[in-house]
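Got some structures for you, see below.
Two complexes follow with chain A in common, the first pairing it with chain B and the second with chain C.
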Partner chain A sequence: MSTQKLKEIIKQVLPDVETVICWQEGFDKLNVTPIFITSPEQADKVVWNALCAQNLASYLPSQKKKVAVAVKGCDSRTIVQYMQEGLIDRNNVVIIGIPCKGVISKKKVQKAIGNEPVEDVTFTDGSVKVKTPSGEKTFAIADVCPSKCTSCQFPTPIVYDQLTADAIQSDKPAESVYADVAELEGKTLEERRAYFLSQFDKCIRCYACRNACPMCVCQDSCIAETRDPHWITQKLSLDEKLMFHMIHALHLAGRCVECGECERVCPMEIPVAKLKKKINKEMKELFDYTPGVNPEDKPPMYTFNVDEAKIKEHKL
Partner chain B sequence: MADKGYLPKEKIKEFVEALGKDAAVFAPCLEGDTIIFRQYSPDKEISLDRPANTPPKGAIYPQCETLLSFEFKKEADNPQKMDVELKVNTDFPKAVVFGGRPCDARGFTVIDRVFVNTDTADPYYKKRRENTTIVTKCCNAPVAGCFCVGVGGGPAVTEGSDVVMTEVDGGYYMEAVTDKGKAVMSLPMIQDGASYEAKAKAANEKATAAVRNPFPAGADKISSELFDSGDFWGNVIEKCLSCGACTFLCPTCYCFNITDEQAITTGERVRSWDSCMFQHFTLETSGHNPRPVKNKRFRNRVGHKFYYYPEKYDGAIACTGCGRCIRYCPVSVDISEIVGYLRDPKADPKAWAAEKKDAKN
Partner chain C sequence: MSEVAPKELRIVGFLCNWCSYGGADTAGVGRFKQPTDLRIIRVPCSGRVDPMFVVRALITGADGVLVSGCHPRDCHYSDGNFYARRRLEMLKRLLPFLGIDDKRFHYTWVSASEGAKWQQVVTDFTKQVHALGPMHQK
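This part shows the complex of A and B:
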């Protein structure tokens, strides 16, 4: 239903924009890939289904002209954060909002089907049927979704110009958002350190997490590569990997919109988003701030108050 | 020494440990849900269930290696003068790459042409290559993205391997390809394999038939007009994030960077993999960058593998179709699709230009 509506909206907005950024079928049935639509015929290629996990809003700051972009609720937080940080001009973006009941983690599906090649994927309400050479398997989307969907608070985009379907409300309790962080907090500092070291040991320094991150703004001056200043070396040691990931996480303090792109794109399946979520939780507790929710907010690290209500150490 | 044998599955660990008696064995090890080539130790779990996330390239061509270490020292009788002391180590132990796939093994042959079969061989790579035996597992079935048969390979090709093993009847039919491989076959847990040969052949034929070939027959020449079209690259690669996943997971990419990593008076000159997808890759000291945008960088990656390299090395393609760059690309860029466009005899460069909407202000 909403795919048809999406196509209609795209054709409708296309005359006013240079490009419409949406999803189309990828190299196989389990993959979708972005499409940059510049002609009405291309609009017929677009798809909208639970495979459309990629956050297309990440492309916005690099667009030079007026564009339209298809966003899910979670992706719209990226746009709100861009507005807060002045990284996009809202007048140059047409937001096509898609109410979403959850997407699929490709990695989870691949694991569940034993990494067989996928012949077909079909969707029925709330579930997905995957056909492989050895047969068909059906999964509830709730069982193969990325963790962000299990506690989604924003199934409908926060900002939009057009909606492809009726808005839907979240049925997940607000307390569930940081449930996975609580598990981490239950561990001792030594255990946490050991956990993250064993995870980052898998890192190949490809920087997919950085380049997919909508809020990574250092671009070509990233500490990972810059030689002046020479923060980290090109060696493959665990120290260098940890340093990069810690800096990435700290640069996102109170800015991470929890889109999960860093984790989705990691070819080594490192839970890269966990650190960032933990820091976001701290920021929430300290400053009562949730990134990417209100365009009028100011990110806490973009400003400061002499008297912070919850930071006692600064009082003389 | 026999050149055919059979290894029951339950003896894999024993086999790998025997290989490890006088060599470092690099094997696909399971860590969480990730399969990574690591130096084997008994606490690690080997997984041959699917191709590893990473190719075994790093076993012979490490992602980062010390070319030399240096130390600045004051001269004893003239403290105002500094000397530099250099140390070089090319004394590499024997090694075995176990459990890679035929595409992974072929990857080494691509690098060999550049690093070994030349007047100026790379001593580090060459020595490691000579010291390494490659025991390859043939693929029973393709996984997402694979297209080895489209680039001259296949799920059971032996090029680059010393031994190939094919899964049959609760074990592996093993065949030595080289003399190095024959030495492996003399290990005591390898049983007589002649009776499995026909079954292995049938399994390999079945696997070969299952792999997709993205290139139509006869479409093996890249259209230089399309290749040189800026509009083409702008259209096909707008979605690229310019990360290095495709290159760092590639069994054939061999481009590197050399940096001096120094702390006070001591340091190392290291060679580390570089990625042509990175903005810094072609950044010159002057500040000029001949490939400042991702379209140009991606064009280089495709050109290197499917255009320039074949021109230089008698038509050999610098891609073994392992599919990792497709499978793990954050935005599902499909290099085989792009090369397919470039080779399509009916491709019309003007059509690619026309697809771009007239520039608006």
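This part shows the complex of A and C:
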């Protein structure tokens, strides 16, 4: 239903833009992959379902001409953040907004079906049926969604030019966003240290989290790989892994839009976004700032107040 | 035997060229007694201090890191320390989340004429880090 409307909108906007970025079916029914549409026939390949987890807004800063992009509510925050930082020209982007009730974590489904090959996937309202050689299994989307969906505040895109369905409101409490961070804060210093070291020890430094991150706009000139300055070495040690994750977290201070791409692509299932969420929580407290919500805002690290109301001098 | 001085720890200090470095100099010229654990790195401005400097120092062997610049509104480059204040405050709140005691990291403002204050800062911070002991077990 919504897919039909999406195709119609794509055909309607295509004459005005160079490319339309959307999702299509991947190599099997459980996989969805981006499609760059340049002709009306291609628009029929488009799909929209709960598998469309990838944040397509990430492609925008590298586009030279006018493009259209399909975004979910969470993805639209990426666009707002790009606008705040001057990384895109809003006049060169047509935003097709899709109200979303939650996506599926492919990894969670694969785990639940024992990594069997998938023959068919069908969606009914709020649940997904996966067919494998050994039978069919039905999951509620709420049970196999990534953690970002359990506390989603923006099911409807914040900025859009066209909307594929009626806007929906969030039914999740605002406090739930940082519940996982608050839980960790309740632990002792040693427990937290042990937790993070054991998590980061799994890192294989594939840098997939950085490559997938929409706000990591340095990409090929990332200081994790430059020789000058030589911030981290090729040495296989926990210190270097920790160092890499600190680079990622500190360079996203007050910029992370919590789209969850880093955790989605991590092959080692490291909670990569935790450090960034913690910084966001502090930004909210210190500067009442949430990344990717208001295009008129300025990221807190790009500016200052002569008298900071909430920063007190530390005593020794 | 008389009491043995405790083993020296490694504390890295990032000092801005215009105020705190001058303040440390004033303390030296005034012959104020200070602990010798601090290794000073001179930077053009506290705004030059990337939070990564602090993290790198702590991960690769420092037991404590001190950052000091001009007082707010007194920056030689007018607004460097305003940016620094936001970044360092963010770091100060992030470190304990990662399991690093935030007492190992301190940022403060010392002007070139405040030799006595500099002595106080170094003495107190060194004491604070010594109370926590070495960060890296050998």
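Here, the second predicted complex is superposed on the first by the 313 of 316 C-alpha atoms of A that agree within 3 Å, B and C clash if a C-alpha of one lies under 4 Å from a C-alpha of the other, contacts with A are read in each partner's own complex, and residues count from 1 in each chain.
Everything below uses one rule, namely that contacts are C-beta pairs under 8 Å (C-beta built on N, C-alpha and C of every residue); 3 or more make two chains touch, one makes a residue touch a chain.
What you see is a predicted model; the values in this text were computed from it and never measured.
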So, after the overlay on chain A, do chain B and chain C clash or fit? They fit
Inquiry  = A:65 in the overlay: touching chain B, chain C, both, or neither? Say first, second, both or neither.
reply    = first
Partner touching more residues of chain A, chain B vs chain C, is chain B
In the superposed arrangement the C-alpha centres of chain B and chain C open, at the centre of chain A, an angle in degrees to the nearest 10 of 90
Checklist entry - Now for A:27: first (chain B), second (chain C), both, or neither, which partner does it touch? => result first
**Prompt:** Regarding the shared-chain residue A:231, is it in contact with chain B (first), chain C (second), both, or neither?
**Reply:** second
Classify the contacts of A:193 with the two partner chains as first (chain B alone), second (chain C alone), both, or neither.
second
Exercise. Please work out whether A:304 is in contact with chain B alone, chain C alone, both, or neither, and reply first, second, both or neither.
Key: second
Min C-alpha distance chain B to chain C after superposition on A, in Å, is 11
Overlap of chain B and chain C contacts on chain A, residues none
As the complex stands, chain B meets chain A at residues 31-34, 36, 49-50, 53-54, 62-64, 141-146, 210, 235, 238-239, 241-245, 247-249, 257, 259, 261, 268, 270, 272, 275, 278-280, 324, 326, 328, 330-334, 336-337, 355-357, 359-361
So, in the complex, the side of chain A touching chain C is made of residues 181, 184-185, 189-197, 231, 239, 242-243, 246-247, 249-250, 253-254, 275, 278-279, 282-283, 286, 300-301, 304-306, 308, 311, 313-314, 316
Counting only contacts in the complex, chain C reaches chain A at residues 50-52, 55-56, 59-60, 72-73, 79, 82-83, 85-87, 89-94, 96-101, 106-109, 121, 124-125, 128
Counting only contacts in the complex, chain A reaches chain B at residues 18-19, 26-28, 30-36, 38-39, 42, 54, 59, 65-66, 107, 110-111, 114-118, 133, 198-199, 202, 204-208, 210-212, 219-220, 225, 227, 233-236, 261, 264-265, 267-269
